[in-house]
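Listed after this line are the structures, all set down as C-alpha cells.
Presented sequentially are two complexes of chain A, the first with chain B as partner and the second with chain C.
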Partner chain A sequence: MALLEVENLDVTYATKQRPPLFAVRNVNFELNAGEFVGLVGESGSGKSTLGNAILKLLLPPGRITAGSVRFEGKELTTLPDEELRQMRWRDFSTVFQSSMNSLNPVTRIEAQFQDVMAEKSDLSNSQIHDRIGELLQMVKIDPSFMRYYPHELSGGMKQRVALALALALKPKLVILDEPTTGLDVLVQKEIMHNLRTLQREQGFAVLLISHDLGTVLEVSDRVLVMYAGEMVEDAPTHGMLKHPIHPYTHGLLGSYADPAAEEVEISYIPGRPPDLTRVPKACPYAPRCPEAIPLCRQAKPQLLPMWDGKAACHVAQMQWNDEQHNHTRHSEEGPKLLDAAFSEATSHKAMKLEGEEVLRVENVSKTYQRRAGFKTTSMNAVNDVSFNLRSGKVTGLVGQSGSGKTTIARMITGTEYPTSGAIWFGETRVDKLKGRGIHNYRKHVQYVFQDPFSALNPVHTIQYLLMRPLMNYGKLNAAQARQKVRELLETVGLTPAEQFETKMAHQLSGGQRQRVVVARALAPDPDIIIADEPISMLDVSIRAEILQLLDKLVRERKIAMLYITHDLLSARLLSDEILVLNQGHVVEQGAAKTVIRQPTNEYTQLLLEAIPRLERPDHVRASYVPTAEPTKVQVDASPVSEE
Partner chain B sequence: MDTQDHNLKEPLEQEGLTVTQGVTTAVPEPPILEPEDDDVVPQQARAKRHVPEWFEVIWSNRKARVGLILLLFFILVAIFANVLAPYSPTDISFGPSQMPDSQHWLGTTQAGQDVFSQLIYGTRTSLIVGALGGGLATIIALVIGMVAGYMGGIVDEILSFFINLGLVVPALPLMVTVAAYSPVKGPTIIILVIGLTGWAWGARFKRSQVLTLRVRDYITSAQFAGDGTLRIVFREILPNMLSLTVLSYISAAIGAIGAEAGLEFLGVGDPSTISWGMMLYWANNGGAMITGQWAWLVAPGLALAAITSCLMLINFGVDALSNPQLREE
Partner chain C sequence: MRYFIRRFLFFLLTLWTAVTLNFIIPRLEPGDPAEDIVRRLAGQNKPIDPAQLHAIRLMLGIPGGNIFQQYIDYLNLLFHGQFGVSYTYFPYPVTTLIGQSIMWTVGLVLTTNIIGFIAGNLLGAFAAWKRNSIFDSFVSVGLSFVGTLPYMWIALVLLFIFAFQLQLLPMGGGFSETSTRQMSWGYTLDIMQHALLPALSILITGPIGWIMGMRNNMVQTLREDYTRLAIAKGLKPWKVALLYSARNAILPNVTGFAMSLGGIMGGVVLVESIFNYPGMGRLFFEAVGNRDYPLMQTILLFTIVGMLLANLLADFVVGLLDPRVRKGKN
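This part shows the complex of A and B:
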C-alpha cells in the first residue's frame, strides 16, 4: 500500500456568479513512503489546488467533487475535521510560499515550536527545548535564533523556520507548495539542497509543488506533470530528463539551457492553456502541441504506462505500442520536435551593430542614511558604477535582490538622485532634473515592469492604457491615438488588434499582459527601455517568447536597453554586455559570452551554479507515422462528456 | 473568433526570426484550432444580461438584499408621499392630541396634525439629508484625503493637520453651535453643517488607502506614461477604491441621518420642517409621554432605526465587493 493514494480526483470551483471551473480532473497518482516527488505545472494547471485538496485545505468555492484521497489507507475526503486536525503536523504537514509570513509576529521562534509540539507530543519542556535546537540546526539555523522574533530574521531564514516547524513532529509526508519562490536564487538553491539531504536522512515523503521544472528535476526522484487540470506525465526524473514522454514536458524542458555553453538556445510553447470552465473533450494540449494528429482533437488520451513512466498522449502511446511489437526501432531517433526557439544566433547580436552612446553613467554612488534612535547608519546601495547604454544594444545588469540593480534603474529614470557621480543623457544631466524636466525626459526613457499583473490598472481597457502615453507625449488627438494603438498592439504581436483593445487586463494571460506593458513602454517612441526582470513572473514556457519580442524591438527600433535580471541564462541570450552587481559593487563587466563562460569572480560563479543545468533532450522519440487505424489504439474514443 | 495565440506567431514568422516550420507527421492535417472559446466568452454572456457584476455580488448577499429592498421601499414612500399620505402633514384642522383611531392611524399632534402623514413626508427629509449630507462629507473627505495621501510631503503635513483637527474637535457640540448661530434655519443648513463637520474620519481613511495604492506598479506606470497628478489620483487611484468609497459614503449617510434627527430633537432645526427629528422634538415638547400618545413618539424613532439599519445591511454587501472572502455562496 502506498503512503498516499489519489484516485480519480475532481476539484471544481463553483460560484453563483461564474460558470464552474473544473480545476482538477480525474487525477490519479500514488506516493510511496520516503519518496521525493515533484508536481510541476504552470499557472492555472491546478497543481496547488491538487495539493490543497489532498490535505483538505481547499477554500470555498473550491470543492472535491469526486474521487478519493487515502493516506495510509485511510480515506481523507470523508474524514471528520477533528480527526483530520489530529493528523496534521503529526502525519502530514505543509509549507507554502507564504508560510514565512504566517509565523506569529508577536511570539519568539521558540514559542511557535512549543505551540505545535506541546499539544501533539508528550515531550517534557526541556526535551522540547533540545528538540527545537535540533530542528533549527537541521535547517542550518543556529539554535540561538530561537529567542528571536520572526521579523528579526530574513525571508530565507523564516522560510527555513517554517520548514523546521513542518518537520517538528516527524511527519510521514510533507507537502511543499512553491516553498522557495520569491526568495533569492542562491537562498533557494541552498534550501532545496538542505531539504533533499534531510529527506534522505529522515525518510519522510515529499510532494514538492512548483512551476519550475528545472528545480524539481534537480531534487526529485519522480516528477508529475500537470497541464490544464489533468495529469499528463508521471515519470522517474532520470527518464524524464533523457526522454520526456509527453510533448508538453518536452516543451517545458526547452526553456532550460546551460548559459555557459558555446551556443545557447531556449524555446517556448506558443499559445496558452485552455479555459477550464468547459471540460476539454479531447487532449487539452492539442491546440499548442507540435505533434498533434487528428485523433488528438477527437478523443481524450488516458494516462497509461509506457517506457519507464506514464503519460496521457495518443502519439506517444502509438509509438510505445509500435516499439513493443517492433524491437528494431529505437526510441532515440527521429526528427526534432517543432520548437519555437530563441537563441543568440538569431538575436540582434548576430547583426553586430555598432550602437552609438545614448546614456552614460559615470562613477555613480548612492548612499542611504537611516536614523535609528541617536545612531545614523548609512548604507551604500550603489558604489562607483560606470557604464553606458548604446542604441540597438542590450546591457544586462545581473544580481540578486539588494545588489543595487533597482536603485540604478531608479536613478536612470530620474526617480532617485545619486549621492555622487553623474548620469548623462546626451547633453542632459539626468541627476539634476526636476519636475517638468523629468516629465520631458521620460518621453525618452521608459520602463517595463516585472509584474504584468500589477503594472496594468485593472479598471481600464487596453486601449485607454495605451492611448495615455500617445496623447501625453505624442500630442495626438484621440482618433489618431486610437489608430496608433492598433499599430502598437500589432508590433508587440497582439493581433488582431481590435480584439485586444476593448479588453481589460484581467482578461489576458500573463504573457499577453506583458506584451501590453511592452507596448505601453514603446508608445512614446523612447530611446531607452529599462526592463526590470520582465520575464521572472511569467510561466516558464513562454519566457523565451517575451525575450524574443524585446530582442526584436531593440533591433528594429535601435533602442538602448538595460536588462535587469537575476538570471544569467536570459542575460546571456539577450545582452551584448553584462555587468554583475554584488552589494552595490560591479564585480564583473564585459561581453556577455565572456563574462558567463569565463567568470573571474566568485559571485558570478555562484550565480551560475544556481541555474538548473538540464541537458536539452534533442534526441526525441521517433516520429509516428500512423500505419494502423487509430481505432486500434486503446483509447476512450467516445468524447468525454462534460461533468 | 480565431485565437490570438496562433496569430501571435505570424508577425514573428514574417520576421524570419524563429518559429521553425517542422513537419511532425507525414500525413497532412488540418490546422489545429483552439476550442472556440476562451475566457472572453463568459464575460460577454454576462454583459448581455445587463446586470453589472457588482450588483450581483451585493444582491447575492442576503443581508444586503433585505437592505436594498427596504431602501427601495423608503425611496418609493418618499417619492409618492403625496399619494400615500391620507392628509397634508401641515393640516391643523384635526382635534389636537388624539389617540390612534381609524381616521388617524397614529393619532394627531398637539397642534392637530396627522402623525401618520407627517411620518410619510418625513421620509423625504431623511433621505435627502442622508444623500446630500453624506455626499458632501464624502466629497470633502475624498479630495482632502486623496491629495494628502498622493502628494505626501509638506502638502500631506498640512492637510493631515486639518484632518486631525477635524477628528479631535467633538462633532456634536460643534454642529449644535454652528447650527444654533446660523442666521437661517432648515434642512439646507443642517446638510451643510453635517458635511463640513463629518468628513475628517473619511479623509483619514482615504488617505491611508491612497498610501497603499500609490506604490502600485500601475501608478508608476501612469507616471511614465506622462499622466499628471490629478489625472492619476482621479482616474487611476479613485476607481480602485470605489467600493471603499461607497462604503464610507453609506456610513456618512447613516451619520447624517442620525445627526439631523439629533440636531432637530435638540431644537436647532426649523420648527416648520416636516421630518422625523422634528416629530420627535414636538412629541417630546407636546407631552406625548404624559398624554400617553406612544405612537407619536415611537413611530419616527422606529422609522429612523429602520432606515439606518437598512443602510448598514447594504454595507455588508458592499463589503463583500472589496473583500471576496465575505461573499456568500
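This part shows the complex of A and C:
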C-alpha cells in the first residue's frame, strides 16, 4: 500500500456569483513512503489546489467534489475533523510558498514550534526547547534565533524556519508548495539542497509543488505534470529528462537550457491555458499543442502507462502502441515531438550592427546614508560602475536582489542621483537634470516593470493606458493617438488590435499584459528601454516569447536596452554585453558569450552552478531547424492566444 | 523601549498643543460673558451699567492684561489645579462641579464602552470563525440594520418601553431624589437601576462597529497563511481562532478604539441629556448653553487629556501586541 493514494480527485470552486471553476479534475497518483516527488504546472494548473486538497486545507469556496485521498489507507475526505486534527503535523505537514506570511507575525519563532510540539508530543518544556534548537540547527540556523520575531528574519531564513517547523514531529509526508519562489537563486539552491539531504537522512516522503520544472527535476525522484487541472504526465526523473512523453512537458523542458553551452536556444509554448469554467471535453492542451491531430479535439486522452511512466496523450499513445507492435524505435527514445524555439542564432544579435552610443555611465557610485538615532551608517549600493548603452544593443545587468542593479536603473531614469560619477545622454548630464529637464529626458527613457499585474492601472482600458503617454509626450491629438495605439498593439503582437484596445488589464493573461507594458514603453518612441526582470513573473512556458519580442523591437527600432535580471540564461540569450553585479561591484563585464562561457569571477560561477542543468536529449534539439540566413528569420511574435 | 519613550514624548507635545488651543479658541469667539450676565440680571432691553459690568468682571475673575500675560497666568493656574469659578453655578469652583459629575460619567460611559469593545470583538471573532452560519448572517445583516438606527431613537424606545410602559426602571437621573446618598446596598442598587437603561442603550449601539470590524478583519486573517498553517499543524480549533487569527485581527481595532474615544464626548452629551444623567456630558451641555467659559474650557481640557491618555495607552497596548510596530519603523 502506498503512503498516499489520490484517486479520481475533483476539486471545484463554486460560488453563487460566478460559474464554477473546475480546478482539479480526475487526478490519480500515488506516493510511496520516503519518495521525493515533484508536482509541476503553470499558474492556474491546479497544482496548489491539489496540494491543499490533499491536506484538506482548501479555502472556501473550494471543495472536493469527487474522488478520494487515502493516507496509509485512511480515507481523509470523510475522516471526522477531530481524527484528522490528530493526524496533522504528526503524519503529514507542510511548507507554504515563501513564508512571507506563514509564520504568525506577532509571536516569537520559539512559540510557533512550542504550541504544536506541546500539544502533540510527550516532551517536557525543556526537552521541547532543546529540540527546537536542534531543528533550527538542522536547517543551518543558529538556535539563538528562536527568540526572534518573524519580521526580524530574512526571507530565506523564514523559509528555512518553516521547513524546520514542518519536520518538528518527524512526519511521514511533507508537502511543500513553491517553497523557494521569490528567493534569490543562490538561497533557493541552498534550501533545496538542505531539503534533499534531510529527506535522505530522515526518510520522509516529499511532494514538492513548483512551477519550475528545472528545480523539480534536479531534486525529485519522480515528477508529476499538471496542465489545466489534469494530470498529463507521471514519470521518473531520469526518464523525463531523456524523453518527455507528453508534448506539454516537452514544451516546458524547452524553456531550459545551459546558458554556458556553445549555442543556446529556448522554446516557448504559444497560447494560454483554457478557461476552466468550461470543462474541456477533449485534450485541454490541444489548442497549444504542435502535435495535435483531429482526435485530440474530440476525445479526452486517458492517463495510461507508456515507456517508463504514464501520460495522457493520444499521439504519444499511438506512437507507443506502434512501437510495441513494430519495434521501429527503441523504447528508450520516447515520442518524436516538435518545437517552437528562440535561440541566440535566431535572435537578431547575429546581425552584428555597430550600435552608436546612446548613454554612457561613467564611474558611478551611490552611497545611502542611514540614520538610526544619532548614528549614521552609510551603505555603498553601487560602486564605481561604468558601461554604455548602444542603439540596437542589449546590455544585461545580472545580479541578485541587493546587488545594486535596480539602483543603477533608477539613476539612469533620473529618479535618483549618483553620489559620484556621471551619466551622459548624448550631451546631457542626466545626473544634473532637474524638473522640466527630467520630464523631457524621460521621454527618451522608458521602463518595463517586473510585475505586469500591478504595472497597469486596473480601472482603465488598454487604449486609454496607451493613449496617455502618446498625448503626454508625443503631443498627439486624440484621433492620432488612437491610430497610434493600434499600431503599437500590432507591433507587440496583440492582433487584431481592435480586440485588445477595449479590454481592461485584468482581462488579459500575464503574457499579454507584459506585451501591453512593452507597448506603453514604446509609445513615446524612446531611445532607451530599461527592462527590469520583465519575464520573471511570467509562466515559464511563455518567457521565451516575451524575450523574442524584446529582441525584435530592440533590433528593429534601434533601441538601446538595459536588461536587468537575475537569470543568466535569459541574459545570455538577449544581451550583447553582460555585467555581473555583486553587492554594488561589477565583478565581470564583457561580451555575453564570453562572460558566461568563461567566467573569471567566483560569484559568476556560483550563479551559473545554481541554474538547473538539464541535459536535453538530442532529438529535442534536432526538431529545431536553424535558418541559414539569420537576418531573414521571421521572428514571429503573433501567436499570442485564442481567447 | 525606544518606541515607548517616543510615544510618550509625542504625548507631551500633543498635550501642550491641546492646552494652548484650549486657551486660544474661546478667545476667538464673539460675545462677552460678563455682558451676558448683566443682561440676564437686568432684563433684556435695559441699557447696561458699566460699573455693574466691571463689578461682575472682577467677581468672575475674567482675565485682563495682554494676551501673553493671560497665557502665562493661564498656564500657572492650570499647574496649580485652579480652573476658575463657574459662571452658572457661581461661586462654586469649576473643579468641584466636575468632581461631582466625573465619576458618574466614568462609571457609566467608560465602563459600557470597554464592555462593548470586549464583547464586540468576541462576538465578531465568533461570527468570523463560524462564517456563513446563521449567527454570522444575523450579525452581518441584522447588526448593519440596527447600526443604521439613530442612537436617540433607540434610547427613546427603551425609555418608552421599560420606564414608561412597564415602569420597571426609572425615567432618568443618576439616583432617586429620596435616596440617602450614603454608601449602602440600597443606594448601590438604586444607582444600578438608574444606570441600567443608559448602559443598555450604549451597549446596543456601541459594539456594532467592533463586531463588524472584527468580523471583517478576521475573515481576512483566517485566509492568511499563518492561520492556515495553524490549522495544518492540527492545533485545537480555539487556539487557531484566538491565538492566530483573532490575535492578528484585533490590532486595527485597538487603534480604532483609541480613535473612537475622540468622538466620545459627543456621545456622552447625548446619552446624559436623554437620560438626564448627572455626568460630565450634561454639565458640558449646560456650560455651553450658559456661555460658562471656565467650565466649558475645563471640561474640554479634561476630555482632551483623557483622550490623549487613552491614545497613549492604546499605543502602548498596540506596541505590546505587535512586535512589528515596536521595531519596524526605526
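By our rule, the second predicted complex is superposed on the first by the 607 of 643 C-alpha atoms of A that agree within 3 Å, B and C clash if a C-alpha of one lies under 4 Å from a C-alpha of the other, contacts with A are read in each partner's own complex, and residues count from 1 in each chain.
In the analysis below, contacts are C-beta pairs under 8 Å (C-beta built on N, C-alpha and C of every residue); 3 or more make two chains touch, one makes a residue touch a chain.
Not measured: the values here are computed from a predicted model.
Residue contacts after overlaying the shared chain place A:V459 against chain B, while chain C stays out of touching range. Touch criterion not met for A:R360: it reaches neither chain B nor chain C. Of the two partner chains placed around the shared chain by superposition, neither chain B nor chain C is touched by A:R597.
Of the two partner chains placed by superposition, only chain C is touched by A:L103; chain B is not.
More residues of chain A are in touch with B than with the other of chain B and chain C. Once chain A of one complex is fitted onto chain A of the other, the partner contacts of A:R85 are limited to chain C, with no touch recorded for chain B. On chain A, the surface patch touched by chain B in one complex and by chain C in the other comprises residues 60.
For chain C in complex with chain A, the touching residues are 2, 132, 223-226, 228-237, 239, 243-244, 247-248, 251, 321-324, 327-328, 330. Residues of chain A that touch chain B in their complex: 15-19, 60-61, 270-272, 274-275, 277-278, 280, 286-294, 296-297, 335-342, 346, 413, 439, 442-443, 446-447, 449-451, 454-460, 465, 468-469, 472-473, 490-491, 493-496, 499-500, 503, 507, 512, 517, 520-521, 523-524, 545, 548, 552, 623-626. Partner chain A is touched in their complex by these residues of chain B: 1-12, 15, 17-27, 29-30, 32-35, 37-43, 53, 56-57, 60, 216-218, 220-227, 235-236, 239-240, 327, 329. Residue ranges of chain A in contact with chain C, taken from their complex: 55, 57, 59-60, 84-90, 93-94, 96-97, 99-107, 115-116, 119-120, 149, 151-152, 162, 372-373.
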